[in-house]
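Both complexes below contain chain A, partnered by chain B and then by chain C.
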Partner chain A sequence: MSDLTHTSAKRGLRLPKINGSAVVMGLYLLFLLLPIYWLLIMSLKTNSEILNTFTLWPEDLTFDNYLTILTDSSWYMGYVNSMIYVVMNMVISLAVALPAAYAFSRYSFLGDKHLFFWLLTNRMAPPAVFALPFFQLYSSIGLFDTHIAVALAHALFNVPLAVWILEGFMRGVPKEIDETAYIDGYSFPRFFVQIFTPLVASGIGVTAFFLFMFSWVELLLSRTLTSVDAKPIAATMTRTVGADGIDWGVLAAAGVLTILPGALVIYFVRNYIAKGFALGRV
Partner chain B sequence: MSLILEGVSKSVNGQPHIHATDLELLGGTMNVLLGPTSSGKTSLMRLMAGLDAPNTGKVIWDGKDVTGMRVQDRGVAMVYQQFINYPSMTVYENIASPMRLLRKSKDQIDSAVKKAAELMKLAPELLARKPLELSGGQQQRCALARALVKEAGLVLLDEPLANLDYKLREELRAEIPKIFEEAGSIFVYATTEPEEALLLGGNTATMWEGRITQFGKTPIVYRQPVNATTARVFSDPPMNFLKVRMTGGRLHFGDGQSVPASDAFTGLTEGNYLAGFRPNHLEMAKKGPSALEFATKLQVTEITGSETFIHLDHQGDSWVGLIHGVKILEIGAMMDVFLDPKHVYIFAEDGTSVAPASYATAA
Partner chain C sequence: MNKTVNQKAWFLILPVLLLVAFSAVIPLMTVVNYSVQDTFGRNEFFWAGLEWFEQMLASERMWNALGRQIAFTAIILAIQIPLGVFVALNMPKKGFWASFCLVLMSLPLLIPWNVVGTIWQIFGRVDIGLLGYTLNAMGIDYNYTQDFYAAWITVVMMDVWHWTSLVALLAYAGLQSIPDAYYQAAKIDQAGRWKVFRFIELPKIMGVLMIAILLRFMDSFMIYTEPFVVTGGGPGNSTTFLSIDLVKMALGQFDLGPAAAFSIMYYLVILLVSYVFYTVMTNLDKRDGH
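The block that comes next holds the complex of A and B.
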């Protein structure tokens, strides 16, 4: 009994127990999520509430902003256009990078190491450098304002990245599997599709994620190379100044809808991403 | 059925991996490639399989030159030291895959897969699993079953048991020759262990630094090595060597010891030779009047349970002796060891065999 009073007396002087790691985590999440939260509540407010009052949550909850985007074709076509060229780009990049990465991982050929490094240096140049030549080239061959134009322009950056990531995964597959397959009688294409591709499936997943991310958020090239027919959502968002000023609420709603696909993709490939890092690539 | 290598050689980046090699393997035989790591066993197998093309020479299968032919058209089967299966397919599909590519009927495939699985002691419930869900031994048996089911004329086994645990290795080692004997193909089995070669029987080719040093019936190669290299490779621990000299009709072993040039030593011309003897022939007690006696210094002892390996220093040469029973000996002490002259192989100074030990030719 006396022991108990002794300890409680001692404890009485202390501050209430604080879980340090929870505080750090809380602050971390606060800083990380605050801008996204702000975007989200803005998208649910009316323009007058956004401009005239300071509220931490929507007092006058409205879904009109979303309704505008989902019914107005000049808005939702932005998403459709973005989706089209992003998917095109992913397909092209993977189709090119898979065989290239296989070659880099399996064969030694003249200048293979230099070529591999040179591929990477492509990533080092800012996209702005290529905006002018692409614009002039595509205009002169009639590719301007098409989805394939943006997809091809993005491939310049995405193919090296895809080769780099995939090569790491492919190198982890023992060469003996290839040889066993040939000995068993598999032709190369059949081996590649039936045996090899399933083995690097997680690598393809990680690669697809990074291709998506780059192509989805890239603004400069996609805006330069399109005008109307293939205008991406990011470009649409930068051109929302109407007669009565900027429509803040719609813009915020568009922002939320732009984040969504990325968040979904991340959710699905989150386990593979860790693996990608573990392989020393990405 | 036959596989003939004619002057086949292979070098990579100017480094010779296989020197010009001639070899003839016949159908229904078990052929062991015996040699230490990087002696060229795997390189030679890859040339036989067609995975690599030789720089010079020809590979002839059943009288037909197949040197540049694609692996897919060769009709060979191969099992690697690493457990290589197709991870995305079930065990059943793994075993069936070579037959599917040969466009066999479904019933044929099913019965062949079941038979091979049974031979390799893969329980039926394992067939539905993925290879990576199996233990190492089961994975390798899956790979062996896949090689078996193809009924290839040439089956290459590259140290298939090296990564297995001891018990399983013994079990499979006893079964493999039996299983493959029925198939009637040419088997090539690479190993680093002399003991494994002796247990497998058949023919043995000893390899050293990219060359086949001797090829023949396994017991003959073991008992009558044609050169010191073969004797060294085909002996575990390696053969011990000692410089000897033939003068005045007697073979001098140093320390004033000599034996008359009779029995196996008859007809040796005067000069320097290399005497070789296996570790198990070294004795700690004088067993006969003619036994040679050597004063050595004990370096290390290794006790395996029923035997003792003694590492000795004899005037700068390091010797190993294999003694029955557990012996507790003092390290660093001087020790007299004995050797019966009839266990001594005589090699010329360049390593070629001059006189095999008399015990080996008598049997």
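The block that comes next holds the complex of A and C.
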């Protein structure tokens, strides 16, 4: 920690510092990136190269696997479907969680603690338990194979999470701000939208990040609740298993393309991830 | 912070209540219904009492799955929590390299779970995988589709790869919030590295660490997609965890009664353990004077 000043630039190395920490981080990041690297180069190889030779680098560089996905609507619609229900879920979850988190952070009322834990229990519910009843519920009300069904199903674990994170952030905002605003004649909705929401903006950003994350990565429920029209990309990927085995190249390319949206989101919130956590509940 | 007593706050909670009631209570009641009824098809149900629960409690299959599940969760917690804290302690504190590490470390967290499975399948396979091929070329017999230990090592390594960063990020956030004055005081007292960790850093990150443990416990206890893609629960049943077994029973064989009884007991176990964690966590919060 005190060795931030010991830069090793003079030694001609590109590492930030030569010490234990840099070595530990280097090894850990290598461990994280190696499997992703393998997926990436696999997606740039032809299937015959994948199966017949073992190469660390694509000898016969090809983008055909990506072309297959980007030109076939049954492939790329998978990405569109996933995006649609993820965004719907984020909007729904934030809309209901914001007022609830405010109430939990500011007021005490009958049964508040039990209610809060009950909400959290839904984050603990195994999706496997809910898969079948969800299928029956959404089929019976005619929502099977729609984006909204997946968005609502994911709200099961995302809403409690949103309330939990937001409550942490809102606790950090001094109550005097609320009182001053009321004295100044603000009504509750106006105060909430104009004054309070901007104050917890970074908290909302962090929450949105987590909502995106857990909805984007989930497969069991989104696969159970869809068949054609709202089929997520994760389920589309099972198509690569054909009569003559698995199409490894296309499978890898589809995998790489599912990593990209997440990587983009991370890039935009990179300064908030740590700061966000710290503001929340530390 | 002192909270005002205000019963009208219920109105602010109402949207959440309605939504969660729709998406949690109704399905859960369906499960409860199934667990106490039997059917001969054609939507004719009759009361079966606690028969399914007795059957499941006597079933070796469920106990074995539970045993594997507990072993898996214990192993990954024992690796991920210390490793995550260790990584967090070694992360750069600010500047370009801090952002660099944060972005790369968050990457595995945002990969869809079946793709995580696919990545490790491609990585570990003996014929086309970097890991499997290299290990076998070195003369180590490693084949996760046939060997019990190889399958477990692969699944555990995959989970460590996937989730250690979450623990590290939370611990990192906790470490960031420690004021410099604490470290200066430790320096004046000439405290060693271990003592700084034990008496300053660890107590300060205990709160976030509890969140990390709670999240990791819950999620590893419900793990389904990743091992399903990699090993399909095999070889044999050796990596068939609770959720994999449950989905097999409910959506594969349509044994609704037993599956529902299984579900309820499964949920209750998670609730019980989580309640203990949650209580410890809120007590920690109170002690810190939040």
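Quick notes
In this section, the second predicted complex is superposed on the first by the 254 of 282 C-alpha atoms of A that agree within 3 Å, B and C clash if a C-alpha of one lies under 4 Å from a C-alpha of the other, contacts with A are read in each partner's own complex, and residues count from 1 in each chain.
Note that in this section contacts are C-beta pairs under 8 Å (C-beta built on N, C-alpha and C of every residue); 3 or more make two chains touch, one makes a residue touch a chain.
Quantities reported herein were computed from a predicted structural model and do not represent experimental measurements.
Overlay on chain A: chain B and chain C fit together in the combined arrangement. After overlaying the two complexes on the shared chain, residue contacts for A:187 are found with chain B alone; chain C is out of touch.
Of the two partner chains placed by superposition, only chain B is touched by A:177; chain C is not.
When the shared chain is aligned, chain C comes close enough to touch A:122, but chain B does not.
Look at A:80: by the touch rule set out above, it reaches neither chain B nor chain C.
After superposition on the shared chain, chain A has more residues touched by C, the comparison being chain B against chain C. Of all Cα pairs linking chain B with chain C in the superposition, the shortest spans 8 Å.
On the side of chain C, the complex with chain A involves touching residues 1, 3-10, 12-13, 15-17, 19-20, 22-24, 26-28, 30-31, 86-87, 89-93, 97-99, 101-115, 118-120, 122-123, 127-131, 133, 161, 165, 169-170, 172-174, 176-177, 183, 205, 207-208, 211, 218, 221-222, 224-225, 242-244, 246-247, 250-251, 256, 259, 263, 266-267, 270-271, 274-275, 278, 290.
Against chain B, the residues of chain A that register as touching in their complex are 174, 176-177, 179-187, 195, 198-199. Listing the residues of chain B that touch chain A in their complex gives 49, 51, 70-72, 74, 76-78, 80, 82, 84, 86-89, 97-98, 101-102, 143, 146, 150. By the touch criterion stated above, chain A contacts chain C in their complex at residues 1, 4, 16, 20-21, 24-25, 28-29, 31-36, 38-39, 42, 50-51, 54, 56, 92, 95-97, 99-100, 102-104, 106-110, 112, 115, 117, 119-134, 136-137, 152-153, 155-156, 159-160, 163, 171, 175, 212-213, 216-220, 224, 233-234, 237, 248, 251-252, 255, 258-259, 261-263, 265-267, 270-271, 273-278, 280-282.
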